[in-house]
Amino acid sequence: MNSLWSVTLATLAKDIRLEWRSKDALNSMLFFSLLVVVIFSFSFDPLAEESRRIAGGLIWVAILFAAVVALNQTWARELRNQVLDAYRVSPAPANALFLAKALGNFIFVSVLEALMAPLFIVFYNLRAVGPAWQLIPIALLGTWALVVNGTFFAAMSIRTRSREIMLPLLLFPVSIPAVIGMVAGTTAILTGDDPAHFWIILLLTYDVVFTTACLALFETVLQAE
Amino acid sequence: MKRAFPILAIVTAVLLAYALYQALVVAPTDAQQGDVYRIIYYHVPSAWTAFLLFFINFIASVRYLADGKPSTRQAAKWIAVAVGVAGAVAAFVIPLPGGIRPSAIATTVLAIPVFYFLLGKYFPGEKLDVLAVTTAEVGVVFCTIVLVTGPIWARPVWGIWWAPGDIRLTSTLVLWLIYVSYLILRRFSDSAQTQKLAAALAVFGALDVPLVYFSIWFFRTQHPQPVIGGGGSMDPKMLDVLMISWTAFLFFAFLVCWSRYRLEILRREVEQAHAMQSLSGADSSVSISSPAVSTRGSQ
Amino acid sequence: MSIPAITVTNVIKQFGRFAALRGVNAELYGGKFYAILGDNGAGKTTLLRALAGLAHPTQGTISILGMTPQTACCEIGYMAHPSLLYDEMSGMENLRYFARLYGIADDERCAQVVRSVGLDPELARPVGQYSQGMRQRMSLARAILHDPKILLLDEPFSNVDVHSAGEMVGLLRAMRDSGKTLFVVTHQAALLQGVADEFIWMQAGQIVSRTLDLPADFTGPVAR
Amino acid sequence: MNAIKFLYAAYIVTWLIHVLYIGTIVHRFSRLRREMKEFKRK
């Protein structure tokens, strides 16, 4: 078991080091997220009363699109020199690679969220009527729900012809319950008129179910040739 | 075997005609909605048929994945049985929200091991994947019908084309999206790897269904909206007509699946023939001036 | 050495309608140096990938040291056309990472392997800026990092200058002498004259002939 | 009572979709059978 974690950490450390070394991917994604937020603020008038009610939906749809663009880059580095083959030939477990990539993406998308959320709060001068601390579990569980499936489907779509469009096509339908959970949970807290417990439980269930499914099936997808 | 198809086709035609007659003439007129409610006799059976087909696709995909690796073959059998039994018990123990009858959940979950062993026996190896493709495609056709007849029914009765609050219709939409992405994935990846990838996606799709249902159900309790077909119990006579209609639809779906299944088998034979042709083609081509064949690999 | 290290029994590999391997049969023995020759599209690379466990045969079976290619992965060293290295990391960083995949922790092993392919471990430049020859050597270093019994090398000498190609051939010969089995796909058959124990000719997805050495007047279309 | 129009529309659309789909199956069948015949001749 420890070999799995040591390989996971080694792969994660390698990814973070590479990301830190050439920060171009991170900077371009941060700027992309900023663009998404600004465009949203123009298309949905921040001053109108309804905008405050749908702000929960706006934030998460914006994050969803930024995340998909980021997730498309998950395997870019491995594909450049077919480094995946080197990994597949080694005795290292496939799930270690998956966990490392998923955690890497989780950190990456969380950084994007850390930029986008404050911007939304500023543009829409949001104030949580309900218990604001519950936004944290919703954000964490929701991001993991997108990232774990996104990493899995990104690995699946590198085996198909038109790679960039395949990921959203596979990811969005399956992620609908998670998106509903995030949006409804966030809106419930922002407007404060409903409890958000159910949505947190839903997101937790979603994460458990799909993390297990990903770990069970990643080997099949990685070695499918 | 060959003669069975036309006979079955005739039987299905008769059944469909009879169901149409029942739906339009025999079934009583609904008190509030008048005659337009008769859309239910096409809308609901199509949905049930689609769910059945997607269920078969899910079980076939799980079985295909489990049989792929010898290590998981035995384990999967026991898991299927365990899921069936545990699910059936849980259905009655856990208080089910959303007005779902425990018996419905129990039968569905019990069907998992039953179908698991049935499909394994009658559709060995490669056939499982052919069945998965067939049920997915025909399921999407029936699902499309549900998503088209739904709004056609909602418009005259509630004045709205799309009722987002209706759990069943919205869940069917999400199911439709999942299986369309399944079919797109099959089209976009070349044949060797498609089967495993598609099977994995089918498992994901199926795991998603309960979560979709409950997320929309809870969303609806927070924002109550009209529900197509009403929640209440139906007049028994109407229920009989519904069952007749569903039986006819099942026969029809079986026929369409059978022909799509045979089509897929033929497609794979042609694919194989192409490959074999390139195999045999190799012998006839001019061989390069490779040196004379020498002794086999020396010890 | 009676049992073969690698046994390939009528392997067919289909990509859609095109059959890359069309019924390959071979028995390869431990401690031997096999050179695989053939035109482009003869299926050399596909066979190599199948032996490495990266491509599952549509039909037929492959057994390596009595196991399936996937389970025998600790004993397989694989080198391909692409470098299989991260361009942004230096050679040593790459090896340190891949060593971790094989559970090797000490740097000394990485440095020693880098020196054995004639490169300087202290070279900090990222692999992306290496010359093609250096990149191939580092790729070879990655393939032999965990001291595998079987080496599957896909054109290790292509665009490498004659001098360093000679050195690499010497290195591979030393490995063969130390008991490893080598399976080298190449277009420069002349380089392996007198080194390889057997030349295997492939054409249109099949092994057409196996010779102990190159014919004397060998100027066939294969050698450059 | 234009509501009846919606009833007939729903029924007709249902069969339209089914016939369309069966049409594609028949079309693909004939194309593949023709291809198979070519192989038999070769």
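Each chain gets a letter, A, B, C and D, in the order it is written, and its residues are counted from 1.
Definition applied: a contact is a pair of C-beta atoms (placed from the backbone, for glycine too) under 8 Å apart; a residue touches a chain by one contact, two chains touch by 3 or more.
In this text the structure is predicted, and so the values were computed from the model without any measurement.
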item	value
Separate pieces, if any, that appear once chain C is removed in thought	one piece
Euclidean distance of C-alpha centroids - chain B vs chain C, Å	46
Gap in Å, rounded to a whole number, between the CA centres of chain D and chain A	41
Euclidean distance of C-alpha centroids - chain A vs chain B, Å	30
Centre distance in Å when chain C and chain D are each reduced to the mean of their C-alpha atoms	52
Multi-chain contact residues (two or more partners), chain C	56
Multi-chain contact sites of chain A, meaning residues that touch two or more partners	225
Contacts with two or more other chains, residues of chain B listed in rising order	190, 192
All touching chain pairs, where touch follows the definition stated at the start	A-B, A-C, B-C, B-D
In the complex, chain A residues that touch chain B	149, 156, 159-162, 166, 169-170, 172-174, 176-177, 180-181, 184, 188, 194, 198-199, 202, 205-206, 209-210, 213, 217, 220-221, 224-225
Contacting residues of chain C [partner chain A, same complex]	49, 52-56, 70, 73-74, 76, 78, 80, 82-89, 97-98, 100-103, 142
Chain D partner contacts - residues on chain B that touch it in the complex	20, 33-36, 38-39, 42-43, 46, 138, 141, 144-145, 148-149, 152-153, 155-157, 252, 256, 259-260, 263, 266-267, 269-270, 273, 277
Contact footprint of chain B on chain D as seen in their complex	1-4, 6-7, 9-11, 13-14, 17-18, 21-22, 25, 28-29, 32-33, 35-36, 39, 42
Interface residues, chain B side, partner chain A - complex	65, 68, 174, 177-178, 180-181, 184-185, 188-190, 192-193, 196-197, 199-201, 203-205, 207-208, 211-212, 214-216, 218-219, 222
